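Next come two complexes built around subunit A: one with subunit B, the other with subunit C.
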Partner chain A sequence: MNFKHKYLFLLPGLLVLIGILIFPVGFTVRLSMSSWDSFFPGLDYVGLENYFRIFQEDSRFWEAFGRLSFLSVTTVTLQYVLGFALALMVWKDIAFKRFFRVLFLIPMMTTPVIMTVIWKTFFHESLGPVNDFLNIFGWNPLWLSSEILSKITVIIVEVWQWTPFMFLLLLAGLLSLPKEPYLAASIDGAGPYRTFIYVTFPLMAPISIGAIIIRLIEASKIMDTVYVLTSGGPGTATETSSFYIFIKGLREFQFGYSAALSFTYLIIMIISLTIIAKVLVRLMIRDN
Partner chain B sequence: MKLKLTSIIPLTVALSTASAAYADKWSDMFPHIKNTGDIPGECSYESMSKKDYSGQKLTINTHAVPVMGEPTALHAEQFSKLTGAEVDVIHTPAGDLYSKAMVPFQAGQAPYDIVFGFSNFIRDWMQYLEPVPAKYVEMRQMKDVTQSHIDVASWDGQMIQYPIDGDRHYLKYRKDVIDNPEYQAKYKADTGKELRVPQTWKEYAEIASFFNGWDWDNDGELEYGSAEVMKKDDLMYAAFYSRSVAYSKNPRTPGGFFFDLENMEPLINGPGFVEALTDWVEATKYVPPGGINFGLGDEINSFGGGQTLFSFSWDDAFVAAMEDGSPIKNKVGAAPLPGSDSVWNRVSGAWEETYNQAPYIVWGWAAAVAKKSKNHEMAFDYLCFFANDANHQADIAIGRFGVNPFKKSDFVPEIYVERQGWDEQIAKEYSETLIEMEEKSTNRVFPLRVPGVFQFNSALATGAAKALAGQMSPQDALDEVADEWRKITKRIGADTIREAYAVGVALEDNLK
Partner chain C sequence: MAKIELNNVAHSYSPAVEEPEYALKKCNLIWKDGGRYAVLGPSGCGKTTMLNIMSGLVKPSEGFINFDGFDVTNISTSERNIAQVFQFPVIYNTMTVAQNLGFPLLCRNYSKDEITKKVDQVAQTLGLEDLLDLRATKLTADQKQLISLGRGLVREDVAAILMDEPLTVIDPDLKFRLRRRLKEINELYKSTLIYVTHDQNEAMTFAENILVMDHGKIVQVGTPLELFERPKTTFVGYFIGSPAMNMLQAEIKGKNVVSIGETVISTETDLSKVKSKNIKLGIRSEFVELHDKGKKNCISVEIDRVDDFGNFQLVSARHGKSPIKAKVHRDIAVPAGKAWMKFPETRCCVYSDEVLL
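Up next is the complex of A and B:
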């Protein structure tokens, strides 16, 4: 096979890569250097003007990013803890093991937008069943219209929806663990707690890091839950970066500026997630 | 008022009588118009049946079912049967109507012959739309449209959008409570004041607070003072403008409500607007639990379901409350938006201690024909058929259709009494409220219709939402909005915004 043939075989993959990754990113970068909006359509050139606007004028974007960080870290931490607990529960031989494994996966199989509408109905402060029940005890929490509770509501819905994903990955990890370390631990007289701390958790570290990073990437794009549940409100209490970019792009039709926001956000996420992954590897695998 | 009504009633009667000859034939085929039969006109069923559009296709982008989407699809089906045209109706959520049309517009494509949207899209869309031809503007059915809605559909005297719907914000209240002698006595005893339809926003707040959180209709459930659209990015800016007009639209200071036309300085953080936002923050205490998160649908359900004493916004909540099967049919009343005991004078920089009231002719549904469409005549015929007298009369009786009165002949109380079973007094109040706002007031406010209108309204919604949520004081929130408006104006160009805004100001200042 000569040199040219080798590159010919690479061509289909290369074309797909250009079509689905390089062109969209390149176009976004070009768009971010234009002032395209509802009144001035087209790819004019304004240089880095939109980027200066993000860093000099747009405090709302950075506030939204801070909120996103809080929501992502909180939801993924809770999902990891709960997902791990559920996976451990059905890992061993228990009654109705298969039934529980399927049951725990159901939330992930439902459509997020539809489930969020249902959750919104549950949490509706004057018409929803949750407050109907709590009213019996004289409580009437403002699930969607209090600045603090609205964040908690978003967290509840996200944790409910995506804990099964964490459960699935961690259960797959548990099922693939070697048996020998457990035999050794058993011979050494280690109880369940010590076995978990010194055997299961360290062995699961690589899978845990992968699961956490995948979920962090997904959680950092949180949009549908916020859109349906609170529209970013009350005020801007639950406004996240992706929802803010959506408002700028598809509500206000500032295509150029929203492209700059998207690209800035992409860069920040790549840097942040790389750092988080490295920190997690150090924390969880070092002792291993 | 009497003069207008006396001229309209014989016209309606004459039209109804004239329609009798066609009623059986067309209403048998199309039960939708069973109450009136066909009503003669250039775009009636009879007239359309003589057109032949066989082999031609019309593509329409409209709202999701039912609001506006259902009548669009229904009239498309009827139009297709009458003319032989193939009509493809695409339904789009409200939030995407603007972009779904705008993206192909900007790309120079014409996937849709007709686009539905909101009337305040007009400035951004108009360069891509075909003006309504003189033939349609001169038609008798168009002559019946109120001047306010001709103005809303037109730009600088040229009609761009075809009038299919009429919208304005007005007050809806529970008539059975306000007119109840027992409650009137109780209110007087407790507050020393008369219980009546509120004349000012302060009075609105007092009455709403009094009737907040107790079971005043004895249905075993708690009722509340007011249902309002307060959810950010869900048309809440329109609700805020409704609360602001009384304090800020001063008939003695022409030259702009949203901006000072001379220097394009935003007026949105002036004392009148701040007072309105302060009232609105106070209103969070007398809305139902979670009312701060109410969108338009919640407002309609809340007031229409009998949960609140007051509501103000588009017609839908009132029509829903007055439909057959509603628990509060014939228990609700309509009145102009409350006014204020003082109005800000931005020229003198002082409050004028005088009663002020200003109708807000808010934007509503609009439809237009794409300039690049190859089927202009068929498209305009469809819109003309959509809004013909028979279809229009049937459509405005169905709350979920979202078609509201915009023709002078709609403001005749008898049609609501006879066709929809409304109480005579309620029908009279409703008709008078609407016609007074549209035809008589000289202190009206029209919606902001400038390039980048979404940026301005979105900035306002964010600021107002922050104040409602307690994140900022009303003054700080509106100062932030004004700063944002200045930046938007600078980006788009003050002269560009001024040129567009002047068209609306001319209407408000009664110059045209």
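Up next is the complex of A and C:
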């Protein structure tokens, strides 16, 4: 065999890889060491100055990161619990099984931004139907402009939008489980509670971990919901990392600094998700 | 411990169809309390269906099941108090061996002391006492299968222990020891053991009574000896024994006499009332004698091949076109080419329309 032209054949793939992955990452790293902004555009070199700024001065970024952690962990936990419950509901033979299976998937099929606009209308404090209804009891909660409630609103919308994804993965997992453990459990006299704890849950552990990790990665990118629903407000009550980076980069045009923020964020996410995955595996599949 | 009765039980997996196909055809059967049974048959003959009907995992589309005269047809599996071991070991991954063994007791609200006591007992019988604190996932396949079995044994009052090809995953040497242990357990606990298998050796060495099934029908129930010496149908003759029973097309020539081609063979069966033309003479290869001269009940054969199995020789021969096999002692010199084979009268089984007369 003549390997003279092997690089020629590898070239298209390599070019794509370099063009869409390696160059952007490399450029971001270089950009993060410049002070490029709207007043002084250009790739100058300021060393690690931007990074010192993040770790020494920028408490807003770390607060946003803390908020992001809280929001993603809460929403993914709720999605997992609800998704599992729904999947268990339509797993066994019930009436209208097919109908429910499709029904539970509808939120995932809608366009997130548009659904968020609709949710925003729902929760509108003076014009929305939710408060219209609650007014009957004399309540008028500030869904979008209270510091705590606005977080809950974001959580509600996120959970509604993405629980179907969990539901889908977990149902697929449930449907692929072997029969024998259930027969054995019923022969051993285990009731539904024990069967779930000792049979279903352990058998579902691997797929659960996969589903949770996928959703955590997705949830940590949360941006559109916040942007449309509250724009990070009131104040910075619902501002998340990606939204903050968006503000720094594409509203204030501090390209150099936002590149440093992005890169820091990327490193933190890679480390923390690796740790989370390890911990989940340790917790759920205890012996491997 | 219970006597299990099947009354007119039949099962079809799609009973709503106009002419349902039965996985298990109508049968009446009594399993004696404390008996050791094997259900034997080729794959897909309804063995597992029968077992699942008894354990309650499948509700029969027709008929009733009685435990000690008590109708349990509509009672759930856990209330029937039955133990079942499946082909592949089922263990609870998150538990230790001891917790696995004690699980059926835990589900039935036994006290902690009682559970520990019984688990220790069963672990000793099964030789698992050193593994009790280990996580169950760390065990080998055969140890896992022992745990599955142990979960059935911790409840001493089980009506029956049903086993669905439980030793498939276990290597031959251990298989032998486990079968012996199962026998001991049966004698110790006096529990009814029902053992499904498609391996005749397993069935023969394990059971007091063997039930042979074919196409959803129970063909014969009997001791290993009965199945071997007097198979009720040609199917049982073929299925049991290695090599299969010799079957030769025959014609009735008199009260006790049949002919195979020109050769006349006398038997002990009364053939005077048989009308069918489909007659077969069956004889086990173990009972066929090899001779060098034609005598009474002898048939001329052409010897094709002799296989030496060490402890015996298997002679493959032909009479016309029908093959005959004979197991002979290893010291006997087998002639090449033509020879005579004797069918002893007492060993001949005559089948009319595939059924023993």
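The rule is simple: the second predicted complex is superposed on the first by the 271 of 288 C-alpha atoms of A that agree within 3 Å, B and C clash if a C-alpha of one lies under 4 Å from a C-alpha of the other, contacts with A are read in each partner's own complex, and residues count from 1 in each chain.
Convention: contacts are C-beta pairs under 8 Å (C-beta built on N, C-alpha and C of every residue); 3 or more make two chains touch, one makes a residue touch a chain.
Owing to the predicted nature of the structure, the values given are computational and were not obtained by experimental measurement.
Chemist: Superpose on subunit A as described above, then tell me if subunit B and subunit C fit or clash.
Modeler: fit
Chemist: Given the overlay on chain A, how many degrees, to the nearest 10, lie between subunit B and subunit C at the CA centre of subunit A?
Modeler: The angle comes out at 160 degrees.
Chemist: One more residue to check, A:Ala190. First (subunit B), second (subunit C), both or neither?
Modeler: second
Chemist: So, A:Ser231: does it touch subunit B (first), subunit C (second), both, or neither?
Modeler: first
Chemist: So, does A:Glu180 touch the first partner subunit B, the second partner subunit C, both, or neither?
Modeler: In the superposition, A:Glu180 touches subunit C alone.
Chemist: For A:Ile276 in the superposed arrangement: first (subunit B), second (subunit C), both or neither?
Modeler: Touch status of A:Ile276: no partner.
Chemist: Tell me the contact category for A:Val46 with respect to subunit B and subunit C: first, second, both or neither.
Modeler: A:Val46 sits against neither subunit B nor subunit C.
Chemist: Identify the partner contact of A:Tyr198: answer first if only subunit B is touched, second if only subunit C is, both if each is, neither if none is.
Modeler: The second partner, subunit C, only.
Chemist: With the two structures laid over each other on chain A, which partner does A:Met89 touch: subunit B (first), subunit C (second), both, or neither?
Modeler: In the superposition, A:Met89 contacts neither subunit B nor subunit C.
Chemist: Once the structures are superposed on A, label A:Val29 by its partner contacts, choosing first (subunit B), second (subunit C), both or neither.
Modeler: Neither subunit B nor subunit C is touched by A:Val29.
Chemist: Note down the smallest distance between any C-alpha of subunit B and any C-alpha of subunit C in the overlay, whole angstrom.
Modeler: Nearest C-alpha atoms of the two chains are 48 Å apart.
Chemist: Where on subunit B is subunit A touching in the complex?
Modeler: Interface residues on the subunit B side: 95-96, 98-99, 102, 106, 124, 224, 231-234, 288-293, 295, 302, 307, 451-452, 454-455, 458, 462, 465-472, 487, 491-492, 496.
Chemist: Name, in rising order, each residue of subunit A that touches subunit C in their complex.
Modeler: Per the stated touch rule, the residues are 180-181, 183-184, 186-191, 194, 198-199, 202-203, 286-287.
Chemist: Tell me, which parts of subunit C touch subunit A in their complex?
Modeler: Spelled out, the residues of subunit C in touch with subunit A are 55, 57, 76-78, 82-84, 86, 88, 90, 92-95, 103-104, 107-108, 135, 137-138, 148, 151-152.
Chemist: So in the complex, the part of subunit A that touches subunit B is made up of which residues?
Modeler: Its residues touching subunit B are 35, 37-39, 41-42, 57, 60, 124-126, 131, 140, 142-145, 147, 230-237, 247, 250-254.
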